[in-house]
Amino acid sequence: MTALPLPLPLPLEVRDLRTTLFTRRGEMKAVDGLSLSVAAGETVALVGESGCGKSLSALSIMRLLPDPPARIIGGEVRLNGRDIVPLPERAMLGIRGKEIGMIFQDPISSLNPVTTVEKQIVEVLMTHTELGRGQARVRAHELLELVGMPDAARRLDAYPHQLSGGMCQRVVIAMAIACSPSVLIADEPTTALDVTVQAQVLALLKKLQAEAGMAMIFITHDLGVVAETADRVVVMYAGRKVEEAPVDDLFESPLHPYTVGLIGATPTPGAERAARLADIPGMVPPLNALPQGCAFAPRCTRVMDRCRTEKPALTVPAPGRLVACFAAERG
Amino acid sequence: MPRFGFPRFEFVGRFSRNRGALIGACLILIVALMAVFASVFFPIDPLRIVGLPELWPGEDPEFPLGTDSLGRDILSMIVHGARATLLIGLFASAVATVIGVGVGATAGYFGGWVDEIAMRAAELFQTIPNLIFVLTIVVIMGSTLTNIVIAIGIVSWTPIARMTRAEFLSLRDREFVQACRSMGMSDFRIIVSEILPNALPPVIVLSSLVVAGAILFESAVSFLGLGDPNVASWGRLVGDGRQLIRSSWYICAIPGIAIMITVLCLNLVGDGLNDALNPKLRDR
Amino acid sequence: MSLLSLRDVRVHFNTSGGVVRAVNGVSLDLAVGETLGLVGESGCGKSTLGKAIMKLVPVAGGEIVVEGVDIAPLNREQLTNMRRKVQMIFQDPYGSLNPRSTVGRSVAQPLVLAGWKAAAMAERVETLLRWVGLPSDAKQRYPHEFSGGQRQRIGIARALALSPKLIICDEPVSALDVSVRAQVINLLEDLKSEFGVSYLFISHDLSVVEHIADRVAVMYLGMLVEVGGRDQIWKSPQHPYTRALLAAAPIANPKLARARQRTVLQGELPSPLNPPAGCPFNSRCPIAEDRCRVDKPVLRPVGNGAQAACHFV
């Protein structure tokens, strides 16, 4: 009798990740128990405003935290089933760029300013694969064509400062996918780009993902980009996940008051246009002075007494949805 | 209505965190007190002969640091010399700062040909060997304290000018300056009351280092015998002990150590000022 | 008479690579009580145009008429009258306030320059801070004690000091978080309905412009390519670049996003040192023909009060 095939592990599974910042002003729980998972070919958007912990979550997953002051103090990050949190740095060097790729916000400063584009891509290929220099150069050319670089052959010899922001981001993407990683983390990759270039880069990422079946985490504060690119959305506030839902559900019926506020604060053109944008009063609390109870309570329109003393846990209001809110539980 | 400044207590706190700077500041304070109260502690004119010549330190309890070739009390001369040394350092630094900030601010703010001329002038002053320039000025114009201070100031202004210029170049395009221009503020007012207070912190650090440099310059000038004959600075003391450097080397060494400690402390204080006044760099 | 009238304004910069025509012949009118949105991508010249109107950059040609007075040839002293009427708020909340001045001093600066007496100034500062929703003790505090959104409010308070008729907003919310953005946009709208102030709202964020503007002007490589009413531009954009821009702008609604036709605009912005001959957009335009590479189209009326600069409209 043949054995049933074991289910393949998810490309990325994060369980209860905790990252703390140790500073002179106190300890800050920058990421406080984040769990998320991404399937092959799926795009999960990680949304939140500044200080919510989304970038630090990404850096924690990549084990790129500046230590001091930041350190992972708990949780697991399972890359294709293997927990990479306890791995030594030497092992991580073989994983970053190979099994998991990352692209950052400012493309021009992501590249080495004194080396040509070709050398940088070749370096990635030679570090992680068995290719010789000649083969790597051929592959570098192929990769540049793949990412839609106009006039790719000529651009190989260019230095980053000779390229526009959009072109630099294409190079960064080429380097990130050079070794066909199973997971790609994109941290605000289009925030610094013009609108038309942003559309090109987003279309490119979608195409690459479809062709390679990569799992992608897309970090952004722009709900428009979320609507365009994500399959599922995770909303973060003060280091914690407050809501998770498939993208259509999130925009149609947001449950957490913060999500409601964010969507209401985003202008949408057309008949849907509201006369006045919803604004969320107050400010994000500093991480070393979080309120007792729910971190959003001081700004919440549906706050109850319970919210000020207890921290809400994530509940499952519907299949595929999570929300951490007492008011939402009530309905 | 107009109010300036930055939180003062934060500054002191940040400064004190740097142990070296704190020690440096305390020692400089001691030197300064010596300078101010020299006549109180040692009322007798230090240039008076008060004992046997070439007494080593510790030989005679009345002269803890010994006597020089003529029999003058070295400790008394050190304490009185502190005044001359510090004053020269401070005034020379002041001259350098005034020239440097003036040139740097104008060059950085206006740019264009004003900047070109200023930078070429700075290059000119930088390429001339500093010590030789100072000596030349002193020899031509006479060995008075004023001339020495001015001469040292003239060779020391270029790094301050460059730093000021760099600060002005970066601050000039900041939006709050544009806001002032859009309100119709005059250039002079923008330079002096808007940009300068923001540009000063790194300049202050540099000025403190220039004090150290000025003391070294003056010591060199006096050592060579070209200093003001009426002023017994530490450099002069080192110079006077030149002849006996083989036998009674302490006559050179003691003022030399005093110079070294003071310069070192000024450097430490400069570091501390840098940490305290540029908090963004510190917290990173 | 319109509040602001631009006629063939040009701004040139001399760089080591040649002359950059940042603003290359822009003509525009802004009526009293109107919010005109000025959109475009980086390098299109919209910020430079805003600065030119404030006389922060030298104007190489054309007329800038504020309430009937051409301010383009005036020097600093002669501009005092204009400064009472036109003010500016800036993009960077962290750079637009002097870090070594108290908030009170920064907000009072226009009043000091206009010669107000101390008592009247103090009262005015209180009022201004109240209008923008800041506590009155803010005037003794320093900018670094405030968040980005609050600093923008301080900048707005400063711009309102002399009761201007027109405020040029240069990307005022681009550096702010989503929820804070909404607060500032709502504040600007409230101030408009209370004091009747007009805005020239410069932004690259189309959804924000669509929300706040009455009329919209689109710029590309220093020239206007389309001008029209807000609804008109969004419902039936005439110029191919406007269409591309609207197609590229993300919409915060997944169903609408999926439903719409998207042809992604190819190519890159040409270097401003070497703009294409003829129509500046011809290198990327999906309907460009030979004529476009030779003849530069002129901005002309295309019906419904709109104007477009294209041979095929």
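Going by the order they are written in, the chains are A, B and C; count residues from 1 in each one.
Everything below uses one rule, namely that a contact is a pair of C-beta atoms (placed from the backbone, for glycine too) under 8 Å apart; a residue touches a chain by one contact, two chains touch by 3 or more.
These numbers come from a predicted model, not from an experiment.
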| item | value |
| --- | --- |
| Most contacted chain pair (by C-beta pair count) | A-C |
| Reference chain A; chain at largest CA-centroid distance | B |
| Euclidean distance of C-alpha centroids - chain B vs chain C, Å | 50 |
| CA centroid of chain A to CA centroid of chain B, Å | 53 |
| Distance between the centres, which are taken as Cα means, of chain C and chain A, whole angstrom | 32 |
| Residues of chain B engaged with two or more neighbouring chains | none |
| In the complex with chain B, residue positions of chain C that touch it | 51, 54-56, 76, 79-80, 83, 87-88, 90-92, 95-102, 104-106, 108-110, 112-113, 118, 121-122, 140, 142, 155, 158 |
| For the chain C and chain A complex, residues of the former touching the latter | 41-42, 147, 149, 177-183, 185-186, 189, 204, 206-208, 210-211, 234, 244-245, 247-257, 262, 264-269 |
| Chain C-touching residues of chain B, taken from the complex the two chains share | 1-7, 174-176, 178-186, 194, 197-198 |
| Of all residues in chain A, those that touch chain C in their complex | 49-50, 150, 164, 166-167, 194-200, 203, 221-228, 247-248, 251, 261-270, 272-273, 276-280, 283-284 |
